[in-house]
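First, the structure itself, so that you have it in front of you.
To keep things simple, chains are lettered A, B, C and D as they appear, and every chain counts its residues starting from 1.
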Amino acid sequence: MTATPTATTIPATATVTAIGRKASLVARLRGGATITGLAIVVLVFGAGLAAPLLATHGPDAQSADALAGPSGAHLLGTDEFGRDLLSRVLHGIRVDVFITAAAVPTGAFIGTAIGLLSGVHRYLDVVLQRLFDIMLAFTALVLGVTIAAIQGPGTTAIVLTVIGVNIPLFGRLTRDAVISQRDRDYVIAARVVGTRPTRVLFRHILPNSVDALIVQAALSLSLAVFIEGAMSFVGIGVRPPDPSLGSLLRTSINFLSQNPAYALGPMVVVTALVIGFNLIADGLNKGLLRR
Amino acid sequence: MLAYSLRRVPSALLVLLVASMLVFAVLRLAPGDPAVVLAGPDPTPQAVEAVRTQLGLDDSLASQYFHWLGGLLTGDLGDSYILGAPIATLIGSGLGATLELTLAALVLAILIGGTLGLALGAGRRRTVRTGAGAVTGLAFAVPPYVSGVLLVLLFSIAWPILPAAGRVALLDDPEIAAQYLLMPALCLALPAAAVIARFLAASLRRVQDEDFVQTGIAKGISARRLLFRHVLPNALPPVITALGIQIGQLLGGAIVVEAIFAWPGIGQLLLNAVLGRDYLLVQDLLLLAVAVSVILQTVTDLAHAAIDPRLRPEAR
Amino acid sequence: MSEQPLLQVRDLVTRFHTPRGVVRAVDGVSFDVHAGETVALVGESGSGKSVTAMSVLDMVRRPGRIESGQVLFKGRDLLTLNEPEMREVRGAGIGMIFQDPMSTLNPLMRIRDQIIEGVRGLSRHQARDRAVEVMTQVGIPDPEARLRDYPHAYSGGMRQRVMIAMALANRPDLIIADEPTTALDVTVQAQILDLLATLGRELGTAVVLITHNLGVVARLCDRAMVMYGGRIVERAPVDELFTAPQHPYTAGLLAATPRLDAGRDVRLVPIEGRPPDLIAKSTGCAYAPRCPAAEDRCRTETPLLGPGERAAACLLPGPFTNADAGTDSAPDTRAAGEVSHARLPLAFDSEPLLEVRAISKHFAVRRGWGRNKGSVRAVDDVSLTIAPGETLGLVGESGCGKSTLGKVVLGIHPATSGEVRYDGTTLTKASLRTVRRGVQMVFQDPYSSLDPRMTVGALLREPLQVNDIARGEKADARVAELLELVGLGSEAGSRYPHEFSGGQRQRIAIARALAVDPRVVVCDEPVSALDVSLQAQIVNLLRELQERLGLAYLFIAHDLAVVRHLSHRIAVMYLGRIVEMGPADEITRSPLHPYTASLLSAVPEPDPRVEHTRERIILTGDLPSPLNPPAACRFHGRCPIGPTRFPERSICATTTPPLAEHSPGRTVACHFPGELTIAGTTSTSSRPQEIHA
Amino acid sequence: RSALHEASGKGTGKGGPAAGGILRIAQSSDIQPATVFGHNNPNMTICRTVFNTLIEYDHKTLQPLPGLAQSWELKGDTLTFRLRPGVTYHSGRPFDARDVVFAITNLHKDNVSSQLKHVAKAIADIDSDGLDVRLKLARPMSNVFDLFEILVIPDRESIAELAKGSRIIGTGPFRVASYSPGAGLKLRRNEKYFKPSRPYLDGVDITIVSQSQSMLSSMRSGQTHLVLDIAPLDAVGITNDRRFKVVAADPYDSAYYVASNVSVKPLDDKRVRQAIAWGIDRQRILDQVLGGIGTTSSLPWSPTSPAYDAAKARHYTYNPDRAKELIREAGARGARLDIVYNAGLGANARIAEIVQYNLSQAGIDARAVPLQAADFQGRLTGGKLPGLFVNGHGFGQLAPATLVKGAFPFNADKNASNFVSPEYQSIANALWSAADPAATKAASDRVNDFLLDQQFVTDLVTSAHTFTVTKRLRGLAYSMFDYLNLDDAYLD
């Protein structure tokens, strides 16, 4: 649960179902944190998705007017190729939207699937646990560097990295949840009335583990933004000329004295996104996981 | 306790063996060839071929793998393809720098995170809790590559009191070295501190609800003693787990921070080795990362046992 | 001196400010406690007992707040003290003992340090001596050594002793004990209660005992206060409370409590309805909605508790003479209760429906990499049979293997050895599904046995679907029928489990078990988690269902009174083995096994007259670990007539007594059956004195 | 004590040269000792500080001046060097002719690479005698002295350790006091340097700083005095800081180009390649990427090169219409083309971005594809780049033959563009053999016309290596290959 990659673990003890105090989803999300976080994220991502409408310039349209400060024509000024920065920031958000939308669910899905397998299969569990150990040993950036080497820098590398980071996170979480749930009375009760193991797994255990997974998902989204930034920052991220928050930030740092707004734009957006996702996670944590 | 650590050895070795295969395979999937890098700019194909032979890259993959593994078992890490130097020396010097950085960051993270966590989780006044929450949130949300740059702008350029880049070994000249160390360590420590603060705060809140705390109050002991003798120790285990993970993270995060502050550590070494397809060096470094995380896990478990008598072997 | 009460609580109001609203947990409570007396505070769960206790020590936590009132301790109002002054009172003036000894000690601190840190005014060295002293006082052997241990090395009973020692360390004038024995086994409970009583007497310490167990009140207390909905509704000397309760709630509680010495065929009288919602602002008597005698004015006028020794907050106070059933106590329901259960024959001649043959279940205890560290012999060579329509009660202390046996019967755990046969079919992996259509289960905790993510309808439909019993509209009809059967409306189907109370949830769990039309239901402590009034409802329901559907039950419980009330036969389990089995009445009247006798004598009866006259067998020690159970007769180490008392009876430690027929229908596994009776005397007149010691 | 204060170093404070001080240099990648025999940018800081070369070109006249060689004589096919006496290696061993012989024959080995290997290989015979070295040339070569400008003469006894970086021994003004691979190295004054009372500096500390921003930060904080080859755009942060200046090395030997793999459609069509040459806004590259350092040019030569032709250098101008037209003609509208570049080099990445934008304006569906250094180099060498590639080359500053024989993109025998043409081979060889300036001029005219027409390499800008320095640094010099020469440098 951090800005630092992969520290996104929730203590296994948190996998407690809200037995006895389950309220409607809305009520559980009523905490201000979740709503604030959601609002931030929706605002930022919405702006990104609406970039073609909102952006005043093409994100790649170069001009001779390089590194101009903010003005009426360019609200955030221009970059070193005379491109409009606001438009680039808006389009840059799209990249992060894509990465988070494509990679986090994929990683979560694969991780959860492996975790389920690990949770129900004792011998496989031993193997998979060691595998997770190894995967977790590759911290996000180490994994990113390695993948970028194989795959070449670019969005695909980031997506693969985010997937790779999330697999063991969700895997562990799911597995722990399954193991903590599988001997509970309600699971045994379901077995006793004749429900088959797969149905027990998917109808009973999984839905009751989902709270922890949702919280992890929120954290993973912020992690994805972070990974994009860090990878782009070390130069193995999104390919030019496509803008991304991380790559904008990375380049902007050279031009702090020319156009401070260059750095400011992406910095504010990245920070806002990370805070937004974390607020959501915090809110969900309080609402869903509280015992 | 020793017996307990020993019992983990087989499983650790297995992990390392599997990891060694993965690590060996992984980079060889990458396009690019260290021989080309080594042959210098504008090389002739003959030159590249000669370098390949010289490095042993024309051997079969299996033989390369076993050669590497054999070397490892006899304590020979091999020579770096690109840098030429023995890898043991390279890792030795880089590891020193990285350890210095991560340890300093760890200390800072524990100090900052611990303070914030206590304020956040056990602060009496609402303002204290809110303030700590805001600081934690910010430390959490600002990635090191942003905070690093901001720190440099502030303390090296706007108000030049700390060096912007480079390192002096702590043992050589502690006074000067500390000044080099401060900013990178802080930059690396902040996110970790935020994580620690959050885990600690959450854990403190949870423990404060436990029955034995009521017992303590009913006994009439002071709030301070209650916090530090009863609540805090019981709140530590999840924090230790988080800390174990964070140390791994610090080592990983070092890649970015070392780049920003030109800190000559493992992170730089790894990044350049991967870019240069310095197979052996990358293999050794990645395997080292796995080994470190295996060790960290054991240490974490031992730390748990040190705190909690229920987990000690004699209690089983 | 004794004129002024030690503790005077005046108009105490404590509220919790939650997002859902303000919870009036304590709503104007006043009471006195005099030096040296033992006062009970009884009431159902949620009635405000704990919050009252916490308020006295000003320990209510957020979001709770003491809104008004006074707590005068030796004439000083505690609520006006500052933090350091209050700390002096806590521990030194008033000691506190909490419910769950497993969680009330700091697991990371040595026992010694935990005791010493609360001791005032003594040097560290003196404090250590004091620690040894109090540990000796509460009966912990070898205190010097045990003080160095961490709590995990102590059993539950010992931890509760430590808690008591801790409370005693400063020689407080008052000890508040909040359900100190609820989490403990009956035999251990008896030890602890005994200890409390002795200490109160010997040290002259006043004790406020919070409990929901009326038996405990009867056994231990001088006076009692009954709480309901955040208020004290009745106050009386214990004898009068039990014989002539003035408040209908008190009378209701008594009527709902099963008793060992009552007739088995008398229906328990549950209190209908649910406890009051402490958020809603109510007018009138909080008990009015549930009160069978309520009149219109009860709903508008708030009754107040009068002054004096004996008072009830009721507009139409009793007395409801409860002692002899048949009089006009709780008038209407009691009459209905007279329609007793049909008495079933005690001997079932038909073929057994369920047969358990020489079942053993051992759990391997693993540590690290595949290294076995021995095994827990949870169930060891147990055989029993259940006939159609019969209830076999299974009693025993916590950890003796009751649940495990139940789970083996259902194939949840595969047996290590032995065989389970249902209706002629041997339970195997292949026949599991067939057997489970005949044998079902109801669990102890109604809060955890229902999937919180499913509607009640979906929960009940699941067994129908997966077993291809009914689908679509037929299934819906069946669900409605099941709900009806357990006394819930069919509209319950669209709601989620959390929207129901504990008792209602248990009904749902029963309905689910009945969905597949089983002939045997294993009930694993189905009422242990419920308040007496709910317990009575469920017990009645189970009996009703048995009569209507001819169900057979394996009824697992640790409460002998409930088991006796429901069962035709009872099997008593000790450390994985059955030590005695026989007809329910006979076993409770004249137990053959010394363990059964001890168990019976340890159960406090909700009747002060009985409690004051009867002699008790207090077992020493705790249940041994099933990891390495004692050899031969597993009870021999704690047996009051075993080799620890009579050294020549070495046979108990060397030869395992077989479970043998003693008289028709009664089997017992003891070398000296029938020697120890409930009265605590040996029937063989040889050595009566030693037993009394 | 302040680390910052100590790092900025004490100057002489005398307004003139004086002994003392440590010069602190930052460069982005580590030195590669194994490749000191050719031109390899990271080695620019050690080639002339730790080592020496036989001759040193005069930057104006391009005439050789004495280095380790005191004098020389080229008679027919025989070149004789007379070496400087009394020179010793850092190891203490005296330098002699055998070291020179070794250095040249060493270049014959396959695993030793140098862009001037072709010259070394064309030396048929070497013999030595005390301090005299006689070389027999197998053929006339217009660029033979380029070899001796580039070739450092290391200690022959420690050559194996040199490759590993464990002992780096030369005759230069500084000896290597310590080298930690990946981190940097410390050079200390060679007390026995053959130039009397030189160098002034006590030493040079070279640090590897991968992030250009970090280099600048350390420069601004006073911690670093000289930064090598920071991309001009990255350096904008300090260009208006009066304490610093950016020195463009006058050989102007850093040219940027976009080249075509002619075996990839539609780049096999000359018109498409010409269209690319017309379609790129060179001026914007010069301004926005290279900070105005250098000149736009359609030719590979430095303006100082004998082959430079100002008129031809302006042959291609930014003419998007012309480009569109040609592309339409060739039927390549909407063709999908990858523009590959080495992601590790900031300037290349940015040029690729402009090229990508210009080409997409011209009607080509161009994508910029970064490759990591090892990958890019590998594919470049193997001629396996998938379409267009942006890169830089040197060697336009010296004898024109060195470019067509030694700079890989132009190599007539084998090049990254897979461009093989007998005609090109023959004119390239003619340029190599050209014996006098007139012949050179004629041969290079033909080469120029050929290159301008074929455009397998489209030159964009002729720029320079840069040294970003604090103005306190005086006496900075460099060779024609931009090897840093600190003989006369001192900190004011």
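We adopt the following convention: contacts are C-beta pairs under 8 Å (C-beta built on N, C-alpha and C of every residue); 3 or more make two chains touch, one makes a residue touch a chain.
Computed from a prediction, not measured in an experiment: that's the story for all the values here.
Chain pair with the most C-beta contact pairs: B-D.
Averaged Cα coordinates give chain B a centre that lies 52 Å from the centre of chain C. Measuring from the averaged C-alpha position of chain A to that of chain D gives a distance of 44 Å. Taking each chain's centre as the average of its CA atoms, chain A and chain C sit 49 Å apart. Distance between chain B and chain D, defined via averaged C-alpha coordinates, is recorded as 39 Å. Contact of a single residue of chain C with at least two other chains is seen at no position. Taken residue by residue, chain B touches two or more other chains at 11, 30-32, 149, 153, 259, 271, 274-275, 277, whereas all remaining positions touch fewer. Across the assembly, chain A contributes residues 148-149, 152, 253, 256 that each touch 2 or more other chains. Taken as a contact graph, with one node per protein chain and an edge wherever two chains touch, the assembly fits none of the named shapes, being neither a line, a ring, a star nor a complete graph. Chain pairs that touch, as defined above: A-B, A-C, A-D, B-C, B-D. Only residues 7-8, 10-11, 210-212, 214-223, 225, 229-230, 233-234, 307-310, 315-316 of chain B touch chain C when the two sit together in their complex.
Interface of chain B with chain A (complex): residues 11, 14-15, 18-19, 22, 26-27, 29-32, 137, 140-146, 149, 153, 191-192, 194-195, 198-199, 238, 241-242, 245-246, 248-253, 255-256, 259, 270-271, 274-275, 277, 286, 289-290, 292-294, 297. Those residues of chain B whose C-beta lies close enough to touch chain D in the complex are 30-34, 36-51, 54, 79-80, 82-85, 89-90, 93-94, 97, 149, 152-153, 156-157, 160-168, 175-177, 179-180, 259-262, 264, 268-269, 271-272, 274-277.
Taken in their complex, chain C has these residues touching chain B: 54, 57, 59, 83, 86-92, 95-96, 98-100, 103-109, 117-118, 120, 150, 152-153, 163, 166, 367-369, 373.
Residues 212-213, 216, 233-234, 236-237, 240, 284, 287-289, 343-344, 349-350, 352-354, 356-357, 360, 368-372, 375 of chain D are the ones touching chain A in the complex.
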